[in-house]
Amino acid sequence: MNNEPERGIQRKLRKRLRVESFFKLLMAASTWLVLASLVLILAIILWKSLPALKLSMITRNPGSGYYLGREGGILNAILGSLQVVFGATLLALAIALPAVVFLTSYLRQKSWLAELIRFSLDVLWGIPSIVYGAFGFLIMITFHLRASLLAGMITVAMVELPILSRALEETIRLVPSDLKEATYSLGASRWQTATRVVLRQVFPGLVTAVLMAMGRGLGDAAAVLFTAGYTDKITTSLLQPVATLPLAIFFQLNSPFPEVQQRAYASAAILTVLVLFISLASRRLSRRLGRHKIS
Amino acid sequence: MNQTSRLRVENLNVFYGQNHVLKNISLSLPDNRITVIIGPSGCGKTTLLRSLNRLLDEQEGVRVEGRVFLDGQDIYQPGVDITLVRKRMGLLSQKPQVLPMSIYDNVAFGPRLLGLRDRRHLDDLVEKYLRLAGLWEEVKGRLQEPASRLSIGQQQRLCLARGLAVEPEVILGDEPTSALDPQSSRNVETQLLNLKENYTIVLVTHILRQARRLADYVAFLYFGELIEFGPASEVLISPRDSRTRAYITGEIS
Amino acid sequence: MSIQRLSRRDRGPELATAPFAFFPVALAGAIFLALLIKAWPLLSLKSLSSLIFSSTWLPSRGHFGLWPFILGTIWVTISAFVLAVPVAILTSLYLSEYAPARVKRIFQPILDLLAGLPSVIYGMWGVLIVVPLVSKYLAPFFGRQSSGYSILAASLVLALMILPTIISVSVEVLNSVPLALKEAALSLGATRFEVIRYVVMKKSFPGMLAACVLGLSRAFGETIAVLMVVGNVPAIPRSLFSPAYPLPALLANNYGEMMSIPGYESALNLAALLLLVIVVGFSLLARWYLVRISRRSS
């Protein structure tokens, strides 16, 4: 029977294909499981927030008796979060930008100094934000500062710094060396090359990085927990305490009153929308700003 | 040779780590002429060109020994400012490298580096150099458009205009037509021939026919050594060295 | 002969930007030192090992055993990791190798959004869904009783939270496997799954590992989402259904208000220091390992 081995191969192939379909099914199942549970998160938050989602949530501060379920909104926390995160991002950018320019323009990529700086950024990147919160608190007591907008900004800036620096360095490293050399051969110094050409070329990437860091800062509760304090008013000075959205959600959720808990869901929906807006904006902007970019 | 040379190379050696890529090169590049450097790929043509405006310095692990004189000044001397050296030599690279900004800003980039801010003066310069590079008529209506929207041939001429705008004395070209279509190549070649009256031009090419069309002088490099250098008519028609002859007749490439 | 590679005009900007580049170095050092100094009063009284391995946590009587918190951190993180990694790998393989383009197009923005979703929202979802799920269904199914506020709930929430990050990085890694390599294997008669198993997985192992480490280091330090569902009971956890009290939760609940009890402040700073050392040590270890395997394979 000379087609006996042929049949053996056939049988083996069928087995191999069965293994393939089994794993393929498994993969598809896990994909849909992930997708479903993620969508479920969004759906549940929206659904739960509907009863409390009124315009007054975003136009008013908490009134008296708000935490017992009476009238009011969380304008204080929305504005407060934006204040903290804008200040923090500016602060982080003011450090990350020159740091990365120095790292990429004035240091050779493999020099020990560059390695040390990159290593420190990696370490900072790994530090949990609660530890930054603790460190921020220690700074506060050292300088006799109380929980305030300023302290919150500084702490969130520390959380954002490594995220920003890493994203910036990665995009700057992608700039073709030919482009830099073209600029050098026009007699530009490295500083001129970095500021007038490289930063221009990576501008869309820079915007994306900044928005990403903002998104992270906006949602970080642990960093502001001990440093920003909380207030029912709108903060007008750097030294006043400031309300933030994640903490507003957290505190309202811990309330025994169902009306207040519902507002926690509504606040969560507002925070989600803000984050969604930032992530959409970053997609849109990076496409729009890229018109001069050399590909 | 009774030609004057403001650009001279003396005993130039270049090492990439342990690799000795340029071996004791000495060469005087005649003023207001086109000198074409030919040779098989990997022989060090581009390295030689990049040593002239010290772009080699930007690469890691490169060591340069020897001297390169520009108007009697050794550009590898300590204390020489690298940006001033580069400003005096324009570079055209293999692939045109336009800067991520408008056509206008590309040409104005060099003058602005030197601190020129006056808008009218800049306008004049931009027009002058775009004309000199033979691009003005094609782009005069859309100077504010991103330079990246130009065709690749136009981009290369824009790079030429941008390089000219810093008022160099020397133009370096590293196979400047290799990424272009035949028509655009012709165009760039014509501009180079027009420009040689006022500039010293050094070109690297691996296309022998291009060397025949453009060269006044030819240098032949082989494995990091300068084998032969002389007027194009001599080197390309009756070379003295057998290796040059072998390269020109296509036996080695 | 030393030539000047930098223009004179670059010296000013170089000097001006250098301090900013050293800032991260200084900050990392400052955080470590500040916590160490603050933890020192306690460390000078008791040995480090007695603080770490003791399980008695009674601040009012001066007992500061951190072992329950350390164990809590490890339990929660490891179980989240074990839950997340297989799912993440299967999903990213499906997305990069099998999924139709349409599915990818839907998935990518959702993953991006969810990777950036604040942890308090995951925590809230945990309180609403996961905690009841554990107390009403999962625990009885295994014959246990549980309030639902448990290690299992925390690790489920955490797993879901780190999934988007791991998946999107893994998909990127998988997509970078050269098509020619896959085609070469396919043309030898391998099935697609065999290509994945013997070629794609092998080629992208370091990258996938890096993606998992990324998720893991995020899980280690996650505070709010875990705090909301883990129960916060300072005792040695016995099973997945018992509550725990990870280090970040300990800090979050007590850090601001620790002044009145002697030694308490020191103990909490020590907890922060331990958390820092664990997370940083872990990610450095992973980095070192990755550098080693990437050197071996190149």
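Labels for the chains are A, B and C, by order of writing; each one numbers its residues from 1.
Throughout what follows, a contact is a pair of C-beta atoms (placed from the backbone, for glycine too) under 8 Å apart; a residue touches a chain by one contact, two chains touch by 3 or more.
Note that this is a predicted model, so its numbers are computed, not measured.
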item: Residual chain clusters - chain C taken out, nothing else repositioned; value: one piece
item: Greatest separation from chain B - chain, by CA centre; value: C
item: Most contacted chain pair (by C-beta pair count); value: A-C
item: Separation of chain A from chain B, taking each centre as the mean of its C-alpha atoms, in whole Å; value: 46
item: Separation of chain B from chain C, taking each centre as the mean of its C-alpha atoms, in whole Å; value: 53
item: Inter-centroid spacing, chain C versus chain A (mean Cα positions, whole Å); value: 16
item: Shared interface positions of chain C, touching two or more other chains; value: 6-7, 9
item: Sites on chain A at which at least two other chains make contact; value: 189, 192
item: Interface hub residues of chain B, defined as touching at least two other chains; value: 83-84
item: Residue ranges of chain A in contact with chain C within the complex; value: 16-17, 19-20, 23-24, 26-28, 30-31, 33-35, 37-41, 44-45, 48, 95-103, 106-107, 116-117, 120-135, 137-139, 147, 158, 161-162, 165, 189-192, 212, 215-216, 218-222, 225-226, 245-246, 249-250, 253, 264-265, 268, 271-272, 275-276, 278-279
item: Sites on chain A touched by chain B in the complex; value: 108-110, 176-189, 192, 196-197, 200-201, 291-295
item: Residues on chain B engaged by chain A in the complex (per definition of touch); value: 53, 55, 58, 60, 83-84, 86-91, 93, 95, 97-102, 109-110, 113-114, 146-148, 159, 162-163, 166, 172
item: Complex interface listing, chain C residues touching chain B; value: 1-9
item: Contacting residues of chain C [partner chain A, same complex]; value: 6-7, 9-10, 12-14, 16-18, 20-25, 27-28, 30-31, 34-35, 38, 86-87, 90-91, 93-95, 98-99, 103, 106-107, 110-114, 116-125, 127-129, 160, 163-164, 167, 191-194, 217, 220-224, 228, 248, 251-252, 255-256, 268-269, 272, 275-276, 279-280, 282-284, 287
